[in-house]
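Handing you a structure now.
Naming follows writing order (A, B, C and D), and every chain is counted from residue 1.
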Amino acid sequence: MYEFSDAPNMARRTILKGAVAGGLAGLTGLGLSSFPFPAYAAADAKEWPADAFKQKSEADVLKALYGKTAEASDKISLDAPEIAENGAVVPIAVSSTLPNVTGIAILVLNNPNVLAAAYKIPAGTEALASNRLKMAKTSKVVAVMESNGKLYSASKQVKVTVGGCGG
Amino acid sequence: MRNRFLIQLAVVLSVGGFVTAAIAASADDFKAAYAKAEAASKKALAMKTGWLTTTKELKAAKKAADAGKFDDAVKHAKEAEALANASIAQSEEQKKLWKDAVIR
Amino acid sequence: MLRKCFIAVAIVAGTAQPLLAASGVNPEADRKAFVKYFTEKFPKLKLKDFVNGPYSMDEDLYKQWVAKEEFPPYEFTLEKGKKMLATPFKNGKTYADCFENKGVGIRQNYPKFDPKRGKVITLEVAVNECREANGEKPYNYKKGEMAAITAYMAYTSRGKPMSIKIPDDPRALAAYKKGEEFFYTRRGQFNFACSSCHVQMAGMHLRTEVLAPALGLMNALPVYRSKWGAVGTTSRRLTSCNSQVRATPLKPNDELYRDVEYFLSYMGNGLPISGPGARP
Amino acid sequence: MASTIRIKAVASGDATTVQSLIRHPMDSGFVKDKKTGKPIPAHFIEVLNFEHGGKTVFTAFWGPAVSKDPYVKFKFKGGKKGDELKISWVDNKGQSDSLVAKIR
């Protein structure tokens, strides 16, 4: 089981600092120093929004990621289970009919760090993302989309329980 | 059927509890109680009817004894012995009773 | 003359109904009762869907399963198993030399009874015997390599009906009977038998989990469990179940585990292999 | 070493659906090692990028709450059978991998 809640805040911060440093050091490992202008758009650790991944509330995550607040929208579909079969692997899919979506963020409000995943959606890519997330406990899951420069959100409560004699 | 078994278990456990409450225990009391518990536990394991809770109580007994808390140690050892004996009784009882559960 | 004839009839009848009169063991009758019990308990469920356990019984769980099966988390384990099956041992031989059809599409025949040694051979035992015969160390019976190779072997058998044979041999029947006894025997401080959860309470929610029916349970093994984040063997499945009722688990590959697998696999005869299955 | 990246990219009509599974522990940093009792340090993919025809079509930014052996699915306009799709990732320890796959 994932013992998110056991970790003290201090340790969490230290880990994140380490993560950022590791990410930057990784650039040399990637060989980017010898190819300062890579011919293709490789995954670039510099782009990772470290600050947003540290935040503990929905508002702070959105501020760090997009610098604004979201309004609820029924044009976002958030497909998540009522009861997660296991908090280690919760399939969550989001899609939307909103126009010109440029970014998607998925937040798990009761996780120690609220932001689970953020996606950059270039023009020509649909407003859709499906992934599998860890959930420490029962929580509201929030899907946020940036459309025409504005933020919209939809949410759903997902129940998480510990395994028993099941299966 | 199951209720009867659980009642037996509850009785065994509470008797174990009462005995230890009265007198302060010594290291020797612990050794004697632990040896009995260990023997019962070994017998249960050999019969493949061990309970995880027996092992847990044995460990707790040893830990308490190491800390010089012999009252506690004896209590845990007696509990372990009671659990081990209950598991053996369960196995004996099930030798016949399992047949009642079979889908026919 | 007449008497001889009677004896001949008795012998013919004896092969058709293995030791029925002598030992009172009749696996086929047991299996029919088993299937009847579960099909009556779950009248809406198709027989072949029992092998998918709780996913066939709860829509919310079913959707999560389908989402994961789009790109199953055990994909890497399957690849590993496939590679292992094709990689020669130090002596140049491979698993293909130990198994019929080179180990492909044969999972439904295990466990099988070996009349020469009078032993039940599970697929896991067969893998380790193959390794040892070729001078390799046996694998751990719970996870890792053993789970990977048996997962791939099961994958190549998907859809094939489970085909366990219990020959007319007192040792085979005794193993079957011991397996049956293990299955129905209450153990652990919770005083639960395998059958408590997977027969009487099958399909019910325990906390929020749905208990898998015993029918077809072995057809899904080895199994990927979300709570393990990995594929585990039959031994791992059984040790984990025993622990949950606070019983001290037996050693992986214990004789009783092999026997219960033999019994329960026979109950799943005719149902398709769905291994490596996935479970919460 | 076999690639850590698995891709299913299928063109249908005017769009391509991409599913990817990556072999990665995605350690959150909050789970303790059962043997040592010490937390397993966080180790997770931070950025995952998909490129088609010289242009990025999807970028994922992941934190430690993404499941082990992470999965992602998205859909982009364009792309036809036989086209190349380039996938690359980098994690918080600076490890990385990339793969060029063909759209089916």
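Here, a residue touches a chain if its C-beta (ideal position, glycine included) is under 8 Å from a C-beta of that chain, and two chains touch if they have at least 3 such contacts.
Keep in mind the model is a prediction, meaning the values are calculated, not measured.
Undergrad: Which neighbours does chain C have in common with chain D?
TA: A chain counts here if it touches both chain C and chain D, which gives A.
Undergrad: Quick check: how many Å separate the C-alpha centres of chain A and chain C?
TA: Roughly 40 Å, centre to centre.
Undergrad: Determine the centre-to-centre distance between chain B and chain C, using the mean Cα coordinates as centres, and give it in whole Å.
TA: That gives a centre separation of 33 Å.
Undergrad: Taking each chain's centre as the mean of its CA atoms, how far is chain A from chain D in angstrom?
TA: 14
Undergrad: Using mean CA coordinates as chain centres, what's the gap between chain A and chain B in Å?
TA: 50
Undergrad: Can you tell me which residues of chain B touch two or more of the remaining chains?
TA: In chain B, nothing touches at least two other chains.
Undergrad: Hey, what residues on chain C touch two or more of the other chains?
TA: Residues 73, 229 of chain C each touch two or more of the other chains.
Undergrad: Considering chain A alone, which of its residues make contact with at least two other chains?
TA: Each of 88-90, 93, 130, 132 in chain A touches at least two other chains.
Undergrad: If I apply the definition of touch given earlier, which pairs of chains qualify?
TA: Pairs flagged as touching, ordered by label: A-C, A-D, B-C, C-D.
Undergrad: What residues on chain C touch chain A, complex-wise?
TA: 53-54, 60-61, 63-65, 67-68, 73, 192, 197, 206-212, 223, 225-227, 229, 237, 241, 244-245, 279-280
Undergrad: Of all residues in chain D, which touch chain C in the complex?
TA: Residue list for chain D touching chain C: 2, 6, 8, 19-21, 23, 67-69, 71, 73.
Undergrad: Per the contact definition, I'd like the list of chain C residues that touch chain D in the complex.
TA: Interface residues on chain C, with respect to chain D: 70-71, 73, 75-76, 79, 229.
Undergrad: Given the complex with chain C, which residues does chain A contribute to the contact?
TA: Chain A reaches chain C through residues 1, 81-86, 88-91, 93, 130, 132, 159, 161-167.
Undergrad: Could you please specify the touching residues of chain D with respect to chain A in the complex?
TA: 15, 26, 28-32, 39, 41-42, 44, 46-49, 51, 54-68, 70-78, 86, 88-96, 98
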